[in-house]
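What follows is a single structure, written as structure tokens, with notes after it.
Order of writing sets the chain letters: A, B and C. Residues in each chain are counted from 1.
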Amino acid sequence: MSRPGGISTLADHKRRRIDELIARTAEPGGVSLIRDAGRRLLRNPTAIVGAVIILLFLIIAIFAPLVAPHDPVQRFPELTRDLTVDSIPGATAGHPLGSDPLGRDFASRMIYGARQTLFVGVLATLIGLLLGVLFGALAGAFGGWVDALVMRLTDVMLALPSLLLAITLVALASRSTQWTVIIAVAVVNVPIFARLLRGSMLAQRESDHVLAARALGVKRRDIVLRHMLPNSLTAVIVQATLTFAVAILDAAALSFLGLGDPDINRAEWGLMLGVDGVRYFEVRPELAYYPALAIIVVALGFTLLGESIREALDPKNRR
Amino acid sequence: MRASGRLRAVIAAGAIAALTIGAAGCAESDRDGGGDGGTSAAGGTFIFAGAGDPKNFDPIFNDDGESFRPIRQMYDTLITHKPGTAELVGGLAESWENDPTGKVWTFKLRQGVKFHDGTALDAAAVCANFDRWYNMKGEAAQSQMIYYTDIFGGFAGSPDALYDNCKAQDAGTAVVTMKRYKGAFPGAFTLTAFSIASPEAMKKHGSDTVTQNGDSFSYSAFANEHPTGTGAFTFGGWNKATGEITLNKNPDYWGDKAKVDKMIIKIIKDENTRKQELRAGTVQAIDFPAPADRKALAGEGYKVLDRPAFNILYLGINQKNPKLKDLRVRQAIAYALNRAQLVQTKGPGGSVVADEFLPSTVSGYAPDVQKYEYNVEKAKQLLSEAGATGLTLNFYYPTEVSRPYMPNPQEIFTVLANDLQAAGIKVNGVPRPWNGGFKDDVQQFGKQDLHILGWTGDYNDPGNFVGTFFGRAKAEFGDDAMTEMFDAIGKADATVDQAAKKTAFEQVNRDLAAKWLPAVPIWHAPPALVTTKNVEGLVPSPLTAEEFNTVSLTK
Amino acid sequence: MVRIISRRLIQLVVTLLALMTLVFFWLRSLPGGPVDALLGERATPQTRELLTRALGYDQPIWVQYGRFLKNVVTGNFGNSIRTGEPVTDVISRAFPATVELALAAIIIAIGLGVPLGYLAARHRGRLLDNATIIVTLIGISIPIFFLGYLLKDWLTQGVHVFPPSGRISTGLDNTDVTGFFVLDGLLTRELDASADALWHLVLPALTLATIPLAIIIRITRASVLDVLDEDYIRTADAKGLRSPTIRKRHVLRNALLPVVTIIGLQTGALLAGAVLTEKVYNWGGLGTLITDSISGGRDYPVLQALILLAAAVFVVVNLVVDLSYAVIDPRVRVR
């Protein structure tokens, strides 16, 4: 599996998973493969559980203002009245989950939390994906020294543990904002996507339909954009699903380390768990339990679906 | 793949084997006895959980509480505080006198006091310390004498230097002469940074060598391994791998001898972990419990010892912004803040709303300043009178930090910003890491419109609070903010007569509230200590300057 | 061979030099930094100026850079801002702590993971299998700092089964030989210290082991299933060789190969996990050092050295691995 004369074996595990994914998705005749996979997915209870979790999560996130009883940043007199630093009011009329440490409606914050968490997760994944796809496509399309340079860079990045890389990036940023966190978590994923896309494109370069297109005199740009990219995207989408779970876990870890989003007005589960949940654990453990549970369930949902799609695409499972 | 896996295993095994063999050669226990280091049952070992690493143990090169905690046990100052108060009493000096010009200080020293190295504390030793500070060479060393530069103005050759000379009138009398009067004295003589160290030991261990290396400094053997003072404990060692500082009872201490045989300061940075160690019974006292945990701990029978509040949190207003030059706008900000609610909901137990920038125990506190009770309508009205409706302000707040006066800056910011928004002031929150730009942006460059910051007092003097903040032009509040204010504070600080000084500062505090309002005082928040039930005799100090010789452990 | 090594070493030097330069200028361009970290609330502008001069920050950036390079080349990474101690001392003290923790975690992960994965595969589709899969999925999805937090709360607070934090009991006064406390206790015959250190190791190692454990279980299970599917096992089955010993011998040995490779590859993940675990348990290792050097005062000399260390280790390990390929398999030519 390791390339002779290659720079690294440290990142082999990650690389191998990527290669497998490429192998499973890069075959020509993708349409029937995808239809096959889809059929298998619908018969797989794990995939359905994952999909249902994600769907619920999306619905709550999108319709948060309709679902939530209150504004998530408003401080309520009936909650602040009994609030002190060492006692946080529990459920009262109109506030089913009681107060957060600042007298805000905890239930509403949990619901809006879906939205913010989705925001962080999606953006981190998307930025990582776009940059990765850009680099990967460049490497895959041009080959030669561009390819060598991009691959060398991704090798280095893959060898560093993702959270460590994110921490370093936050430390090296001159200011801490929500964007610092999103970008730090995103950059970590760039090499994964880059390698994925490059591998997938290389595999296709020699495939029949691309060779045919080239023989017909189709321009290189058009081959890349019309033929190679779309085919590669299946693999990218699977990886994105899995990345999402890692992104929200990393964001929570950064908050716990005190390097996360500094704006505690923002209701984001990782932030709620990493800051308030830990600080007020003794006073009101629900402040930790609920966001933690939410993160676990959503991360689980994305992992289940991602793994199921990956499995469904596995040619071995085609009967 | 197979081969490389095997190879890696071989390398790892080889490394471990080499390590083991190499280590076995010199592996010898260097314990002095049983598990507890051979302490007798009578006094026992007192384990105190501190919150951070000390820098070193040479008093003059330090300026933070975590370094001062062990230093205070090993050294004494000429004047000290009555336990549990900020009231001055004799330390190494039994008594002291100031001449009418306020420039000459005469100290009558305690007889028969010995440094840990056996040399005698006499007037010559005291003067050697004053001379050492004044004559310190090299920018590296000088730049680390933060308290000295602040109080004594500068070093030999500098026109700003306050110190003139120190004479040993006789073995028991030291006379320190300053070039000018300074209001900080005699309070400043109590500063732990100005502890008296053994001149012999300092010479022997090269105390003045501070070398710069890259972005930092390294200190002498005196500062790291051989701190030698007159205190109730002697230095036992600092084990950096386990984060333990060991102090041993000084059997020859001149004052009340320590009741425990040994004291260990265990460094635990996380407040939550400190509490858990206390519960597990592995430490007997912790500093700075999380405000949220106080009630639970008290309920479980732990002793929560509140220090009398000696700090201040304030909302700074930068008058570089022309809108904020208008007193009405600053008053509107003061009215807009619901400080009573902030204290109730977020204040550590025992905190109170602050109306002035100094605690009520400090002389110069005026009981009758203008108070700004929470009043949103009034705030809105003042804003519209000043033509400042729709105001947008940049509010800087620190992250990655917790201070006794500001246990949780993000929460405090969020609450204050919320209040300001309610009064129609748009707030643009700007978080900055404490050491990664906050202090720079706020105190050096004055980039902010509003910010939160605070202070813990060093000694009982109004100048140590009000003078520090508003005594001179600072970028923090807009450089040229108010010359009238600087003059008034300067004059009050230079008043030799104590009664007149008190009156002058009372007026300063009245004007600060009604006329100048360069900032809004928020709260005084007392930091606490928590001990197990069997710890007796620990007296909390408002200056967080506890001495542990009075501590004993009951069964 | 010599040519290859020397070429790679030159490459290494160039890479590190480039990285160092980048890190140097980047850190210098950030606000705050050493001057802020060294001065508390009490600094007057005068001290600030003194300090700026003392650190040489008033000199042109090229002069500073030259001095920095000279220091690094002579192996001097400066002193920690916070403690004034040489950075090399700080790092070499933290290193064994993290290695000790990571080793313990890996032992737990293998010791539990391989048998569980095997059992799950053998009972494919049954309760044990499903339960194992669900647990591993949760193990991957739970924020591990929170898991550590819960374990600590349950097992050190209500019931004092384990110590809440640290590597050894306060005041035990153990002799520090290698920095590996468990090993030190054995070497110096301070067996109580060894036992105590081991006791302190349990919860942090369990926490850190979570993710590798989940991964090892899944991989063991998958590869055992793969092997069970292989023709030779089927053949053995068909031949009626149902003896559990044969099956175990065939299956386990072949299935373990991917597992073994995975274990080596988990090192990086362990280091990332260590950052969180060490913070939860006040464990004085590299993880704590990284977070402390960032949020505890922007300790740039330490941070700088840690970044260089990571890069150097990475490059050197790669060199060794590449060379070992060439040694083992003559067909591979290292370029």
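Basically, a contact is a pair of C-beta atoms (placed from the backbone, for glycine too) under 8 Å apart; a residue touches a chain by one contact, two chains touch by 3 or more.
Note that this is a predicted model, so its numbers are computed, not measured.
Taking B-C and A-B together, the chain pair joined by more C-beta contacts is B-C.
Farthest from subunit C in terms of Cα centroid separation is B.
If each chain is reduced to the centroid of its CA atoms, subunit A and subunit C end up 24 Å from each other.
Mean C-alpha positions place subunit B and subunit C at a centre distance of 36 Å.
With centres taken as mean Cα positions, subunit B sits 44 Å from subunit A. Among the residues of subunit B, those touching two or more other chains are numbered 1, 4, 400, 432-433, 436-437. In subunit A, the residues touching two or more other chains are 2, 9, 12, 174, 258-259, 278, 281. Annotation for subunit C: residues 30-31, 261, 279, 294-295, 321, 325 touch two or more other chains.
Against subunit C, the residues of subunit A that register as touching in their complex are 2, 4-10, 12-13, 156, 159-164, 167-168, 170-172, 174, 245, 249, 252-253, 256-259, 270, 273-274, 277-278, 281, 288, 292, 295-297, 299-300, 303-304.
Listed in rising order, the residues of subunit B touching subunit A in the complex are 1, 4, 272, 290-296, 341, 344-349, 399-400, 408, 410-411, 414-415, 418, 429, 431-433, 436-437.
Residue ranges of subunit C in contact with subunit A, taken from their complex: 26-27, 29-31, 137-138, 140-146, 149, 153, 261-262, 265-273, 275-276, 279, 290-291, 294-295, 303, 307, 310, 314, 317-318, 321-322, 325, 331-335. Across the complex, subunit C meets subunit B through its residues 30-34, 36-44, 46-48, 50-51, 53-56, 68, 71, 76-87, 93, 97, 152, 156-157, 160, 163-179, 183-184, 187-190, 192, 257, 260-261, 264, 279, 281-282, 284, 292, 294-298, 300-301, 320-321, 324-325, 328-329.
On subunit A, the positions that touch subunit B within their shared complex are 1-2, 9, 12, 73, 75, 80, 83-87, 101-103, 174-177, 258-259, 262-265, 275, 278-283.
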